[in-house]
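Here come two complexes built around chain A, the first alongside chain B, the second alongside chain C.
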Partner chain A sequence: MAEEKLVAKVVVSEKPDDSVLRMVAEFVKKRGCYKTEYTIDPDIIGGIVIRIGDKVYDGSLRSRLETIRQSL
Partner chain B sequence: MLDLNEIGKELKEKIAKVKDDGKSRSTGKIVYSGDGIVKIAGLSDVKYNELLDVRGGYHALALNLEHDSVGAVLFSGEDRVRFGDYVYSTGKTLEMKVGSALLGRIVNPLGEPLDGLGEIAAEASRPIEYPAPAIMDRGKVNKPLQTGILAIDSMIPIGRGQRELIIGDRQTGKTAIAVDTILNQKGENVICIYVSIGQKASSLAKIINTLRQGGAMEYTCVVSATADDAVPLQYIAPYSGCALAEHFMYQGKDVLIVYDDLSKHAVAYRAMSLLLKRPAGREAYPGDVFYLHSRLLERSAKLSEEKGGGSITALPIVETLAGDISAYIPTNVISITDGQIYLESELFNSGVRPAVNVGLSVSRVGGSAQRKAIRQISGQLRINLAQYRELAIFMQFGSDLDSETQKTLSRGAKLTDTLKQRQYLNYTVREMIVLLTVAQSNVIDGVPAKKVGEYNEGLLDYIRVNRKEILDGLDPDAGLSEEMKEKILAAAQEYLNFVSDEEAEGEKNV
Partner chain C sequence: MFEFDSGMMILSGIADMFERLNITWQGILLHLFNLVILTVGLYFLLFKPVKKMIRERQEKVKKIEKENADLNEEVKALKNSSREALAEAKKEAAAMHENAVKVANRKADEIVSDAKARAKEIVARTETEMDEERAKLRSDLEKQIADVSLAVAEKVVGRDITKEDNRRLIEESLKEWSEKENG
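So, the complex of A and B:
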């Protein structure tokens, strides 16, 4: 768990450009991570999901659509 | 024709309202799933009783917080969740939709409609677990809750804010008493909530039908978790119903809530606890099964005038096996409630309906809430009945009886007959006063033994039509005057003469 907490797992829908990489690096650094792992998963449709330890920052289009679906 | 533009506009408005807080959520992964129970690794900041979102749109309730995992029960989708699925904390506890929009509706324990009458526009929601009113917020039980059942209102009176247990074997009319009581609240300004826990859907459908036909659904909400619903839903059903009741109580209204029944509720909780691997105690119930019911029933109360004076009257139902009231759950609930109505299958089968065992039934607080006139004339009732039963047993020895004893016996039998009452036939307070006065007077001696029920019904009709001034003149909150008593007895004698004459006539014609 302790090891895992220091690795930020980032999921994006397509290859990120430099500005995104910089923003993510800053975001992750603030939360005490030294390493970032990127995965590309078209399933999230768009946006970004960052997972640090058991915290998840879900900014994906899929989860947004999901909340809209549930509230309708 | 559906207007597509209109729908589009509505959708847009709704979507604009959806909040996206973008905050981080604590997550975990399912490491075990079976029998509706999931174990989750992670979820570091989850709270007890917190609602969890499982990927795929399912919900779970966190119940066991352990060193390296969280035990939770699934409300749905137990055959869909898979090992490794993500679970998100919500930071919320379970909530029930509340408000007057729920009256006349049938809902599940989460406040979602089951009756196909469309969405419920609830004004608010309340947490289903809520602390009971504090001691200083409580008032004295001083208003009666009329069940319309003579045997109960006269000898086991129930007050608003009381908790009266209905206990008995299967098929002894427990639910019938509760349903009759709900039907009798028409025009009494009492909101009724019927919580069905682990019942057959067919019996519930029958009850709802009865309530609809009796016009009782207008002021009633049915919270349903039938036998085929997930066990956690059955577990939360009474708390949801109580949350709804509390909403009205804190508005200063009087509420009647029926929990049908708590033995099935305990069984549901036992199943959940055993699957969660909590240690089993007596009859395999977990250690906190007493607290399960005490925290629920403590929430029924009569609030003080400063707090609005609202009340929740609870009628929990417990089913016994072979009349055994010393089993675990019955003793627990008996000790929590303010009295019990004990129904016996022997009485039921011998035609005494409602099958109330007067000797074992008590009401610990309702007496002070009883209407004055009723209290006055029913004071001797219990003693008379007890004397009659004692004599009736003695009589079985078959010795010759003197006339005095014979009179006591016939009076007792007629009194018992007077207390018999058809289902859905509720008496008003004034009618009860008339019946009780007549049943304890000399007039009843003239009525043939087997015809008491018939005579009573006829008498009430006769008075309603020919002696209306008697019913109008009665004041239940004042004592019954001698003069009024005379009037009632005179009318009863009049009707008796009328009936006997008619009968004599009939025989002549034959």
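So, the complex of A and C:
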């Protein structure tokens, strides 16, 4: 269970370039993760979703559009 | 003298004629006696009963007339009574008719006012329902507009976003999360 927490699951809409990989690695490292699993899902349109244990960081365009839809 | 002679002659003639007809003074007296007896007998046997019968008949007629008069009076009284009863009945009928008209008018007023109240209630309810329906339609429409707008936005953003845009977006998100957590 503790080991699972160390794995960051990252979702992006397209294959990330090196700069993005670096930024993400640095971000998850600061939160105690040394392993990252990437998934490519075009449905999120753009941006990124990072799940570390129970914590979810959702910066996808889909979630932003959904927020706008809710506010409308 | 002469007159005496002629009178004597007439009497002598009459006596002569009576003699020829075989009429004597005794016979005349007998006939007179018979006539009296016949008259008395007829009086008692015929005249009295007939008179009695006539009197009875007259009494009967009087009685009938009296009865007729009584009956006429009674009929007259009945007529008066029936006229009064008819007048009373007419008066009563008029009163009943007037009362019936009043009741009918009151009932009609009640029905009309009830119908008006019901119509008012129906109109108010319909207006409320229409307002609710309008609000619901507006809400649905707004939702649909939002959905369509966002669907279009998704398509446009998904089509137009570049790799650089995506990288910048990721960078901004990471920066924002870090700043938020660091306070």
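In this section, the second predicted complex is superposed on the first by the 72 of 72 C-alpha atoms of A that agree within 3 Å, B and C clash if a C-alpha of one lies under 4 Å from a C-alpha of the other, contacts with A are read in each partner's own complex, and residues count from 1 in each chain.
Just so it is clear, contacts are C-beta pairs under 8 Å (C-beta built on N, C-alpha and C of every residue); 3 or more make two chains touch, one makes a residue touch a chain.
Bear in mind the structure is a predicted one, so any value in this text is a computation, not a measurement.
By the touch criterion defined above, A:G47 lies against chain C but remains apart from chain B after alignment on the C-alpha atoms of chain A. Contacts of A:V56 after superposition on the shared chain: chain B is touched, whereas chain C is not. By the document's definition of touching, neither partner reaches A:D18: not chain B, not chain C. The partner that reaches more residues of chain A, of the two candidates chain B and chain C, is C. By the touch criterion defined above, A:F27 lies against chain C but remains apart from chain B after alignment on the C-alpha atoms of chain A.
By the document's definition of touching, of the two partners only chain B reaches A:T67; chain C does not. Under the contact criterion defined above, the residues of chain A that touch both chain B in one complex and chain C in the other are 57, 59, 68, 72.
Residues 11, 14-15, 17-18, 20, 22, 24-28, 42-44, 57, 86, 88 of chain B are the ones that touch chain A when the two sit in their complex. For chain C in complex with chain A, the touching residues are 142-143, 146-147, 149-150, 153-154, 157-158, 161, 163, 165-167, 169-174, 176-178. Considering their complex, residues 51, 53-59, 64, 66-68, 70-72 of chain A touch chain B.
In the complex of the two chains, the chain A residues touching chain C come out as 12-14, 16-17, 19-20, 23-24, 27, 30, 42, 45-48, 57, 59, 61-62, 65, 68-69, 72.
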